[in-house]
């Protein structure tokens, strides 16, 4: 559930690109976010403050550089894990998930059933 | 701990890779004054950047006794060096993807059994799936070696280096040996930092060992080459054993932190002069295809880094281990052809035996430095020892 | 086996890349420019082509000046390959990239690396907490998404970009809780020695002073000579702590924007095994280049901030010089013509770089913010602390590559971008030798991640 937003889109004169929004699926729930920008910018402007958990300690991480050199903004986008969300343009209907713990790939069903769950972090 | 700079020693080891540092440790523990000369930093090249397989599986028959003895040392590496170098007894599995490949594996196990080796065992599809639940369904069976595993190459070299230093060896990094020459009954090694003297020499100079062999009058056909490796981003744990394949080159392991190391015998050019192996990323596509064929769900897994070390390859793919046949007081240990990591602990012991007693406790005739001058029959006989 | 052949491949569509493309394409050379983003501009001129008049007003005249260059680039005839993540440039001038989930490559005869700069790491306690971003990140949010802080924000560090951001925020009506400036008296002293150069770049000085005045007029609380910076919080930023004028301070905030200068993005030049030198004025590695920007790797040039920080205008001039040189090298421009066209560019470049020694001296990042205390995380990806690195040195790890092999420092997804400079300096400091002797990480492809599936499909 997005918290009080740290960032917001500046209100722009009508007719500009700033007025558009799109609806994406964020961690399984619909979320309306600013359009015509990166997924990271859209999420920051919608109150998302945790993008992933560090696979080393589980501590929460969020974007730092916004230009693709820090790799803190890694998220699962449309089923593909570890995408740099600051480099992906947000689109209507996109499925975005925070990345928790070590990247979990969908394993074959028989394996999933027998797998011991990796400890999920926050 | 010695205060001198080791300019005068009982034995000089040229090369600070795994075999050099292992030799230095065993020699120092035998009570000799040891000086090790390393051109860059210990573990800079093949020894520090290989796939880290601790593998008796799939060895050339001549190497098997050494590999089995070395594996015992890996299981107790902390006793030997004070650090376990991240050794994980994960087991090694070599899978067959067709019935024809399965026959190849069965034949191999039968040949080994006939020679008295039982460390490689056949396992069926069901057992493979128990060992590696995530593997693709088309696998037909495998060879399984439960006590094999993997370790961390740079940490292993560091463990031996620190233990050797603690035992009194003097180790000089950024000190490339350039020329060796006999001075009476002793040896002189010329470096940019000065001349080092010793009664004995150990040539553990890896891809550069041929230079020293040539200098002492017994050139060997050793060639520098690279093997390409990749490491991925982290992924949730899905495989414990180290995996190999039969019909295609593959070496594949997942670390505790979730990253996956992918190798597979993909050779690439290595420039011994420039001390660099150049990776052809697109050729690594073959490794990527093999991995995704065996584990289809790994398609979206990102590759973090690809590299190649500078390794020493022999024409018959087995190393040179043994005394020089051209000059007194020199022992060779090089040319491990991309599978020397596991042998490191035992080779150091063998080198120390050769230096101190003149003979080894394990059969090493197959690794003779002058075998390339011999008629074929003699070499074949050596392989059956 | 390449999908395309060109005369000149340019990596990066910022000011250097655009200017190089314009100059080279004008000679008739076949030019391709590859860039990760979907539009030209790089970082400094990010989203310039779709900037509205209101955004141009907020961002200021230096940003707006990029528009003319972007228009010339669009009209130049150079091919602009957008959304291309270049993952390898080879010494044989092949360029491998990822685009739309597919691996592709092109073969060039000359390559110009225009990968620009990135923020210098700012390793202070708590810098990895959600809510800490760089000032550059904040500018990108503003330029590309019209997104600004929703509550009063703290800016901390030093350097023109920090004050510029503050000025842009004032113009946009974004409240700034405080500017915490690490610049102190010793910095002014050091900079005085370079005042001659500063006066030669008087335009910059005038602009800088006007900017500071505007900030003060905007009523932004200023703290000077700040030391002992640390970010407080457990799961997110709660406050910034620091000492200013001997007084400990604590400012509650949920967003901290850090900045202490930018440094060259040298991933490609290192991966090519080009020679680099440590520059002690800019405290960073710079590729060694000739007067055209050519590396010691034949046929590969570097232009712009990627070879040393000089700013956008200097980057464009260097790009133009490199474009002319590359065009000459592929036979599209004779040497005399090239030299004639280069002369005024070199004069202008000297003029635009004349302010640098002054700025580098005045905004030299503090040692404590480059070589932090033991408990500060240095490698963000793998959570390796400064103390960990010092312990590796004690075990005989003499350089960054051994630290990498020993403790995973630099082995994470960012491939050492956020920790490399810090690691070099920590090891140099611990060993008591200059950074030049310590060296840098060995950088290997892929420079940007490629998945197993993408690589498998290519073959």
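Chains here go by letter, A, B and C, matching the order in which they are written, and residues are numbered from 1 within each.
Here, contacts are C-beta pairs under 8 Å (C-beta built on N, C-alpha and C of every residue); 3 or more make two chains touch, one makes a residue touch a chain.
Only a predicted model underlies this, so the values are computations on that prediction, with no experimental measurement involved.
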Farthest chain (mean CA position) relative to chain C: B
Middle chain, criterion being Cα centroid separation: C
Top-ranked pair of chains - ranking by C-beta pairs in contact: A-C
Averaged-CA centre spacing for the pair chain C and chain A, given as whole angstrom: 25
CA centroid of chain B to CA centroid of chain C, Å: 41
Averaged-CA centre spacing for the pair chain B and chain A, given as whole angstrom: 44
Junction residues of chain C - those touching two or more other chains: 412-413, 449, 451
Shared-contact residues (touching 2 or more other chains) in chain A: 56, 80, 82
Sites on chain B at which at least two other chains make contact: 233, 257, 298, 300-302
Chain B - residues contacting chain C, complex: 41, 43-44, 48-49, 152-155, 158, 161-162, 173, 231-233, 257, 262, 276, 279, 281-286, 288-289, 291-292, 298-307
Footprint of chain A on chain C - complex, ascending: 36-38, 43, 50, 52, 54, 85, 118-119, 128-134, 136-138, 140-141, 144-151, 172, 235-236, 254-255, 265, 380-383, 412-414, 417-418, 448-449, 451
Touching residues (chain side chain A, partner chain B) in the complex: 55-56, 79-82, 101-108, 110-111, 114-115, 118
Touching residues (chain side chain B, partner chain A) in the complex: 133-134, 233-238, 257-258, 297-298, 300-302
Touch list for chain A against partner chain C, complex: 4-10, 12-13, 16-18, 34, 36-38, 41-42, 44-45, 49-51, 54, 56-57, 59-72, 74, 80, 82, 86-87, 89, 122
